[in-house]
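Below, subunit A partners subunit B and then partners subunit C, in two separate complexes.
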Partner chain A sequence: MYGKGLKPLSIATVAMLAVSLSLVFFYAPLDADQGFIQKIFYVHVPLAIVALVGFIIGGIFAIAHLRTNNRKWDAYSYVSIHISVIFGVAVLITGAIWAKASWGHWWVWDEPTLVSFLIVFLLYATYYPFRYAIEDRDRQARYASVFAVTAGAFVPLNFMAVRMAQSLVHPRTFATAEGGMPGEMMLAFLCMLVAIGLLWTTLVKFELTAKSASGQVKRLRRALDAPVAGGSSRIAPEVS
Partner chain B sequence: MTPSRAAFAAILARDLRSELRTLQSLPAMALFSVTTFVIFRFGLDRTSLSGSLAAGVLWATLLFAAVLGINRLFVAEREEGGFDAIRLAPIDRSVLFGAKVAALVIYLAALELVAVPIFAVFFLDGAGGLGPLVAVLLLADLGLAATGTLISSMAVNSRARDLLVPLVLLPLVVPLMIAATGATEPLLALGGPSYHRFGTWLMVLGLYDLIFGLVGYAVFDFLLED
Partner chain C sequence: MPLPLAAPALPLDEAGKYVAGAYVVFMVLLVVYVAIMAAKLGRIERELREVAAIAEDRKAESREEVSA
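For the complex of A and B:
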């Protein structure tokens, strides 16, 4: 039931990614300072934005779960956070590559956005051990939602604190780069942002479909093994 | 006295009384922090500290000592059926959150009453910065207690109780530690305390307390449902 619309969405994602990547490589001008390596900006920054928005969306789904007590929202929240954590790994790796190429070090503590992102990533990485340490299914869903809400509130606060911890004289690399970005670069960047956002949505939908399908298979197999035992009430669709 | 306030006072009094009788957490926390100071003395190979190094040693030690107490905060409720009693009682469940935060703030203040003077004797040249440090300590304790209570109440109902509290709590209090060390650093600077950005950091601490106090208050109900 989650598979509906998955095919057109996947096609749209692939098309958008292809268009945006060709814009990045053939349309947007080379950066005067950094040259070709600056192209990683079009992957790194959209990935980071989408991952952070995904964490917040996971928190909103968690609020929906706590309010309605519908397990569907817990599955949505879990998958949103899951895909965002995977995007987070990509953000940290591309960030390290970019830092090495433009500043000469794999890791730069002076860049508050990167440091904030690492802290947020570390917090969300504890979502998995936290979730699986709780055995009771209902309690697991509820506690995971509480975690997602708390961590969602943490994201903006963390960004503020890390930015304030920098000395005020340090130049804001990204802010100046984005403020003075020429139109062609901006267009390529926005297209990439949309493409990565679509990719996130597709992956979330795909994961939900896979989870619901494997749950259905499990239930059918159970029904085959014991055809009369138990009521049919357990055949209700549930994703988790 | 309203029923909520009576329940709050009763839970807080019970907590403090049982801690006073059993002395399960506080002596361990104090002992741990003194030992950690000794380890830092040799790890850093310094006999006197100032500025950012002093702030870092003080806050890292206090944070890890706090984790010890936070781990044990709900153990009695879990083992002696206190959660069921709260669920049966005709009171607002958030009262338990408030009372536990208050109890934890008192434990942390008691810990700091011991650990900070010992820290000053061990490492500091003058005690000039300790007066204004009280404000930083109190605000940081509030935030640490709010997040600590929230995480502890969840971790106590899981398989990996002692593992989860440090694992989840440490990233969650990074902003708090940034602000606390930021405010402490100029206070312990070499050549007397200064107040560089002191008010700003206190405001960040207050904001953290407010946000996580409200979040904890809002979500705590769901943690007791069963």
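For the complex of A and C:
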């Protein structure tokens, strides 16, 4: 069920990534201030946007779980957060590389954009120990959903607070008083944003399909009344 | 002096390694994730084979009981 449409989605993701990377390196002009180093922007910012949106989507799925008590939504919420945390790791590393090249420092502690993203990332890093500290699966799913809703609501609030704060060195991507990006840069950026969004969707679907298959095998084992080899996994919610 | 003003654009040979580093990090994370998923799918396939073997054994046992 979860694997339906995975193949065309994967092909679309790979094609879109190839097209976007070509636009980034062969079409988008060099930035007048930063030069070639600005090319990191095209991977760093879309990853950050998609990760933050993914956290919010995880919160929306968690609301659906709390409203319906359907475990399917808990699995969706868990997987959305899981993939967004992985993207968050990529954001922090690519951002640190860009910061080192641009500012001469791997990290700047008095910059609100950087620190706020780190806070959001660390908040979601606590999701795993919080979730797996609870043995009972129903309570685990319920408490994890409450966490996902609360943290998901924190993400846009955090984003707005950062936009209102005085930025010291971190550039603003859109709609600033100094004007936006040139058309070619914007096109490459939007294509990359779509490609990274597709990648997130593909990975979420891939993970859900794997969990569903694993859940079906466990159910089959239980139906056959055979002992489960290696015990049940506590790493992720079971998807039927 | 603000940092961006103090940091002019790097020459291509120096900037190239940072840009390559950022994109390599992205690709490596992707490849590691796909490798982990491949290992998980391998485990699911192995478990499925075991379950199929148990089901076939059960079927054979029930056939023997009927014939006895």
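To be clear about the criterion, the second predicted complex is superposed on the first by the 202 of 240 C-alpha atoms of A that agree within 3 Å, B and C clash if a C-alpha of one lies under 4 Å from a C-alpha of the other, contacts with A are read in each partner's own complex, and residues count from 1 in each chain.
As a working rule, a contact is a pair of C-beta atoms (placed from the backbone, for glycine too) under 8 Å apart; a residue touches a chain by one contact, two chains touch by 3 or more.
Quick caveat: nothing in here was measured; it's all calculated off a predicted structure.
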Query raised in the report: Will subunit C clash with subunit B on subunit A after the two structures are superposed, or do they fit?
Result: fit
Requested in this report: Would you sort A:T94 into first (subunit B), second (subunit C), both or neither based on which partner it touches?
Outcome: second
Query raised in the report: Given the touch rule stated above, what does A:G35 touch, subunit B (first), subunit C (second), both, or neither?
Result: second
Query raised in the report: Now for A:A18: first (subunit B), second (subunit C), both, or neither, which partner does it touch?
Result: neither
Requested in this report: Examine A:H44 and indicate which partner it touches, taking first as subunit B and second as subunit C; both and neither are also allowed.
Outcome: second
Query raised in the report: Of subunit B and subunit C, which one touches more of subunit A's residues?
Result: C
Report task. Examine A:T150 and indicate which partner it touches, taking first as subunit B and second as subunit C; both and neither are also allowed. Result -> first
Query raised in the report: Is A:M186 in contact with subunit B, with subunit C, with both, or with neither (first, second, both, neither)?
Result: neither
Report task. Please state the minimum Cα-Cα separation between subunit B and subunit C in the superposed model, rounded to the nearest whole Å. Result -> 22
Requested in this report: Would you mind writing out the residues of subunit A in touch with subunit C in their complex?
Outcome: 31, 33-37, 39-40, 43-44, 47, 86, 89-90, 93-94, 97-98, 100-104, 108, 168-169, 171, 199, 203, 206-207, 210, 213-214, 217, 220-221, 224, 226, 229
Report summary line: Touching subunit A in the complex, subunit B uses residues 147, 150, 154-155, 157-160, 163-164, 167-168, 171-172, 174-175, 178-179, 182, 200-201, 204, 207-208, 211-212, 215, 218-219, 222-223, 225-226
Report summary line: As the complex stands, subunit A meets subunit B at residues 66, 119, 122-123, 126, 129-130, 133-135, 139, 142-143, 145-147, 149-151, 153-154, 157-158, 160-162, 164-165
**Report entry** Complex contact set, residues of subunit C against subunit A
**Finding:** 2-4, 7, 9-12, 15-16, 18-19, 21-23, 25-26, 29-30, 33, 37, 40-41, 44, 47-48, 50-51, 54-55, 58
